[in-house]
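Chain lettering (A, B, C, D and E) follows the sequence in which the chains are written, and residue indices restart at 1 in each chain.
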Amino acid sequence: MPVETVEVERDPSRKWVSGLDELEKTPVTETRWGRLGAKLWAGTWPKVLALVFVVGAWQLLFLSGWKASWVLPAPLTVWQDLSEYAATADYWQAILITLQRALTGFALSVVIGTLLGIAVARFKPLRAAIGSLITGLQTMPSIMWFPLAILLFQISESTIMFVVVLGAVPSIASGIISGIDYVPPAWKRVGAVLGMKGLNLYRHVVLPATLPSFVSGLKQGWAFAWRSLMAGELLVIVAGQGSIGALMQGAREFNDAARVLTWIITVLAIGIVVDAFFRAADSRIRSSWGLHQDS
Amino acid sequence: GNDGGSGSEAAAEADGATASGTIRLGYFGNVTHAPALVGLEAGVFNDTLPSAVTIEATVFNAGPSAIEALFNGAIDITYIGPNPAINGWAQSGGEALHIIAGSTSGGAGLVVHESITTAEDLRGKALATPQLGNTQDVAARYWLKEQGFETDESGGGDVAVTPIENSEVAAAFDEGVVQAAWAVEPRYSDLVLKHGAVEFLNERELWEGGEFVTTHVIVSKTFLDEQPALVKAFLEGHLAALDYIAANPEEARTASNDRIEALTDKRLDDAVIAAAFENLSFTADPVAASLQGSKDHAVEVGLLEEVDLKGIYALDALNQVLSDRGDAEVSAGDLG
Amino acid sequence: MSLIRAAKPQGTGARVGDAARASGAVVLTDVVKRYGRGPGAVTALDGVSLRVEPGSFTCLLGASGCGKSTLLSLVAGLDDLTAGSIDDVERPVAMMFQEPALFPWLTVAGNVELALRVRGVGRAERRQRAAELLDTVRLEGFAHKRPHELSGGMRQRVALARALAQDASVLLMDEPFGALDAMTRDILHDELERIWRERELTVLFVTHNVREAVRLGDQVVLLSSRPGRVLNVYDVAMDRPRRIDSAPVANLAAEITDALRAEVSRHAG
Amino acid sequence: MPVETVEVERDPSRKWVSGLDELEKTPVTETRWGRLGAKLWAGTWPKVLALVFVVGAWQLLFLSGWKASWVLPAPLTVWQDLSEYAATADYWQAILITLQRALTGFALSVVIGTLLGIAVARFKPLRAAIGSLITGLQTMPSIMWFPLAILLFQISESTIMFVVVLGAVPSIASGIISGIDYVPPAWKRVGAVLGMKGLNLYRHVVLPATLPSFVSGLKQGWAFAWRSLMAGELLVIVAGQGSIGALMQGAREFNDAARVLTWIITVLAIGIVVDAFFRAADSRIRSSWGLHQDS
Amino acid sequence: MSLIRAAKPQGTGARVGDAARASGAVVLTDVVKRYGRGPGAVTALDGVSLRVEPGSFTCLLGASGCGKSTLLSLVAGLDDLTAGSIDDVERPVAMMFQEPALFPWLTVAGNVELALRVRGVGRAERRQRAAELLDTVRLEGFAHKRPHELSGGMRQRVALARALAQDASVLLMDEPFGALDAMTRDILHDELERIWRERELTVLFVTHNVREAVRLGDQVVLLSSRPGRVLNVYDVAMDRPRRIDSAPVANLAAEITDALRAEVSRHAG
């Protein structure tokens, strides 16, 4: 009794199965450590490859002299700027300040967006009244909120929060509304038969069923929040307490391409880290729902 | 014509030395706002203003935000360019603000690619201005018009006037997207020193007396009416900052750059800031004539609806302080 | 047009008057259900009158698509009637749907516990009762699996456990044992009968297995093909416990099957 | 045989059904016209009420003299500005130009986003390599792309398109990836058994199944595209008659509160109209999938 | 450990050698399937060997959760084996799943047509064949409905029509008639038998209805409870057409049922 599925390799008629998502299949690896290693490796090499590829292309472009070095600095120049800058307190303080604002604003947005989403999905008149407005609000550039924000909150941290919340809430609400709209009726019927009404039905059936869409709404909401924050941080600049938005804009004003790239890399890195959380949430949902799990 | 508002008169009578309270001040992290930078960074405001007065400074990134903040009572006094001041004045029907002092003059002009040597060479070329309808844009269009060029707001005509954000203009120039730029400091010096641009025309040449307003100080009318003593106290600080710059140009440059670094983590190149300071003059005189002229030009090139600036200046307090110090008073011309 | 005969409830024997709202009674009067509007409308039920006594076990038989599931969801109050009325139902009722409809975000035990949780049963008792019920449906050891890790028949049994956890006086079951092998089915027949007696439930049970209907029911209701009408109601007077492979069950089942055949071919022809 | 379900009103024990989403129930109305009328009315009155409420509050706020009229103009002032402005060609030309850009950019983004989404969902290494980057890219403010855009496209319409596409693609890709991840495995198995592989499987099973998530990704993508466009239009005022972005910013530069509000209202209106399309798409999907349909 | 007996295919009578790859044959050798890893792993199949001759009709019986569905999906190539091999399968096979799994975005006809479309059948022919197949499963008039507008049994029949539309030489069916009434089921037995003969299909048919298995199968394979092993293979030597309520069918069914009972209670005990 062979332990490998020799058949899979031998029989050419099996090839067509590749039409099935490859992710659904886990390779047969021998030991637990081997598996873990393989998994890590599978998650890492493409990233490394992509990085090598991008940096390589960049270096080549730089060497080709296509653009002046101050327009398109060499990877090494940027790396130097990044590593030197990352050794300063300013850099970390800016990240800290911005992250703090982002998280506070996002947390607030999650609360408001969730409640708003549920309310709109649940009450027909509310949906008719403001449902369509949600997309409209999303399309409004953050800067257009500035006058209103200043009107309400003068120049303060609240002003920024306001802009961030206005940016993120529609996405989060949107995610929850679309999720609720697509809850299989069969589940709602089960809930009703179990005697759930109103809040209970939402808590035990509708919201859990909405989770995938909710997580994807959160992801979009985060992106909107972050973008709004970058704009909003130009509203409140405190000397000696730079935020990412302000310092990034500063670098732009100075035409310091290396510093701009340093910040772009930083923002991307933060985005990737945050994305890891969303992925983890998503992955957990999918594996417990019995949808295949990727690495 | 000294018929400023009641607040202005009240301010003239108030005594800055006995003032107390908080002044919420706006400024930009820009060399054209050097008096604010120096005042804050070198401790000039602190040293000059009575100890009962505190300054809460807010940095703005663009004129509209500063005006919005002033309109909404989020700040009391701000350093600002002539354009937003005129807009704020026009929009509020002269109700919201007054100019109480000059701050900076000069520091703008036309720089071009080295291949351009005569005005006629500009035909068919693209000329960058910071923003449609702003001071430099108006100056450029007016000058081009005087040279006999046609321009329009959509970048058509003999010379394509192209609004490009300050931060992108150097790239656009280097990329050959534009061959000329009507720029203001420090961009002006930066283009010349670091991007091979050639000075073609310093705007000073276009103005009588070689002075034209780049930055001045405005106050919300309410604040001027209610806190004349604080306004006066601030003006004393402002004048002290101007003096400091005149007396210690080296230190002033360093202080300005320090402040800029505190805001952006970046320092201006020493050569650039030196050139910029050279090109700018810091004066309490608001150069009222140039404000009127600039407005008239804007109306003429069709970028502004006619607006009456009469009364925009409220210089009584400033003149009071100046005369207390024994300095010459400044004039608002026809606009007082 | 429909023939209503009330079956005597086992054990209690009490007959409840028309007007009184009795615990667990279900009275349908001229129930009509149409899906959709206009020319594409489908009449699923057309004038169904039926009386189910409290504590009785009623089996529903009928061709595929004749409106059995529709009838159950009307009784459960999940859909609106087009016409007629349904009286005396104490809601919420317990219901087992035709498809298991388990919640994928809960474990097997979690799905069962949810029915208890809604009713405010405490955590410890919940856990214990869920374990008992999973024992009853022969799923001990699967409490911590997810629904997708179960076979079709196992899912159906979890749905059964969940319905039993509801502890309502009326229990509606839509082909509950359709995906089970004969043996497991027999075992669950016994268990269901035991629970029905213990809790004095009123059961409405849809099935395609005529023997199963005769094995379990006090009365067997035969519905006509689309649109569903009550064709006949058979009283099953045999003593309990009955054996599904006993001769009396087989005989009555044969009789009902013939009636069902006649109905379906009448329609098909 | 009564034609009304008298029961529903009579039996108090039915009340609990209200726990089920009310949307699932359609009221019993007598005639077809009556139904249509009721539906129209149900969709309209909440909007009208909301409008009346907002404008009323605004008017009251104005009358209270809380803020000066140049900060918070009266509704009537804005209405006048809007109606006068709407009578000019400039207004409509700006809308036309911006809409044209938005639609072109969006169409491009849909193509790129869809392909990217499918590629990332389908190829594991690609997902590992750039999957996380997608969120990172979304969080990057549009203005940070300007230098790159100018580098690549000088100052032209393409520059705007570039910024718009970079804004919208991640959302669209994100929507499709999340949709693909949640396709019920049972459907994919059916597809595989029907002999579908690769493209066919995607065309006939995965993509249709992904539709709900795709539509919600499109909606988010539109919002991002529009926001990026507003920023991008400041960058390039090409042989460009005014565009919404430029004119809106212009109004802000002039601190013309009435005009700013005119533009805000215009943008919201466009957002609502666009939303109507997404809703229609969504509604069609839901009704054909057998999920209840709202008005 | 397993007992392999090959049933003679009806009609053709040709016996195919072990080595030759015959159209429609299915050969399982020592097939093991485990779900999951570590302590929570479930062994669904443990050393199943089975030979299905081309053109034969094989019925699979077994307790709920014994691995019947697992076996079919392994044969279809939808899952990877843990060990062992499956030979000679001409893929894709036609398969009818335990749950109907219709696509909600297609009409009933669209679902059936999809199977044809994938194979490149032209539009007009597609339409016609789909209509024929819907006739076969007694769903004429429902072509333009959506799956959610059908009853459970109707959905199952659409899935059957879809599987038949595939025209593959191997047809796998997982409890295809579980949700159908006796009469409809009988009709479909006849139809299925007709199609099987006409197309010379190899059918692997999972059911819980032992009589159905005997009614249809050339051989009936009895699987043991979890983990699934082949317990016994019964050759059904009766002539066709058979009647489900005939005595020989009932007798063999009773014998097999007893074996199944014994197996399930051995496990339960």
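Criterion: a contact is a pair of C-beta atoms (placed from the backbone, for glycine too) under 8 Å apart; a residue touches a chain by one contact, two chains touch by 3 or more.
Computed from a predicted structure; not experimentally measured.
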**OP:** By the contact definition above, name the pair with the higher C-beta contact count: D-E or A-B.
**Re:** A-B
**OP:** Quick one: point me to the chain whose Cα centre is farthest from that of subunit C.
**Re:** B
Subject >> subunit C-subunit D separation of Cα centroids, rounded to whole Å >> reply: 46
Original post:
From the C-alpha centre of subunit B to that of subunit E, how far is it in Å?
Top reply: 85
Original post:
In whole angstrom, how far does the Cα centroid of subunit C sit from the Cα centroid of subunit E?
Top reply: 28
Original post:
In subunit A, what residues contact two or more other chains?
Top reply: 16-17, 20, 71, 147, 151, 189, 192, 195-196, 200, 249, 252, 290
**OP:** Scan subunit E for residues touching two or more other chains and write them down.
**Re:** 77-78, 92, 99, 149
Original post:
Got the subunit B residues that touch at least 2 other chains?
Top reply: 68, 72, 167, 171, 175
Subject >> Complex contacts: residues of subunit E adjacent to subunit D >> reply: 73, 76-78, 92-95, 97, 99, 101, 103-106, 114-115, 117-119, 146-149, 162, 166
Original post:
For the complex, which residues does subunit B have touching subunit D?
Top reply: 63-64, 67-68, 71-72, 83-84, 87-88, 90-93, 95-96, 131-134, 153-156, 162-165, 167-168, 171-172, 175, 177
Subject >> Residues on subunit B engaged by subunit A in the complex (per definition of touch) >> reply: 29, 40, 57-61, 65, 68-69, 72-75, 166-167, 170-171, 174-175, 190, 194, 259, 262-266, 268
Subject >> Residue ranges of subunit E touching subunit C (in the complex, touch as defined) >> reply: 35-36, 42, 61-65, 67-70, 98-99, 138, 149-154, 157, 174-175, 178-185, 187, 208-210, 257, 260-261, 263-265, 268
Original post:
What residues of subunit A sit close enough to touch subunit D in their complex?
Top reply: 16-24, 42-47, 49-50, 67, 71-72, 122, 124-144, 147, 151, 170-171, 174-175, 178, 180-185, 188-189, 191-192, 195-198, 200-201, 212-213, 215-216, 219-220, 222-224, 226-227, 230-231, 245, 248-249, 252, 257, 260, 263-264, 267-272, 274-276, 278-279, 282, 286, 290-292, 294-295
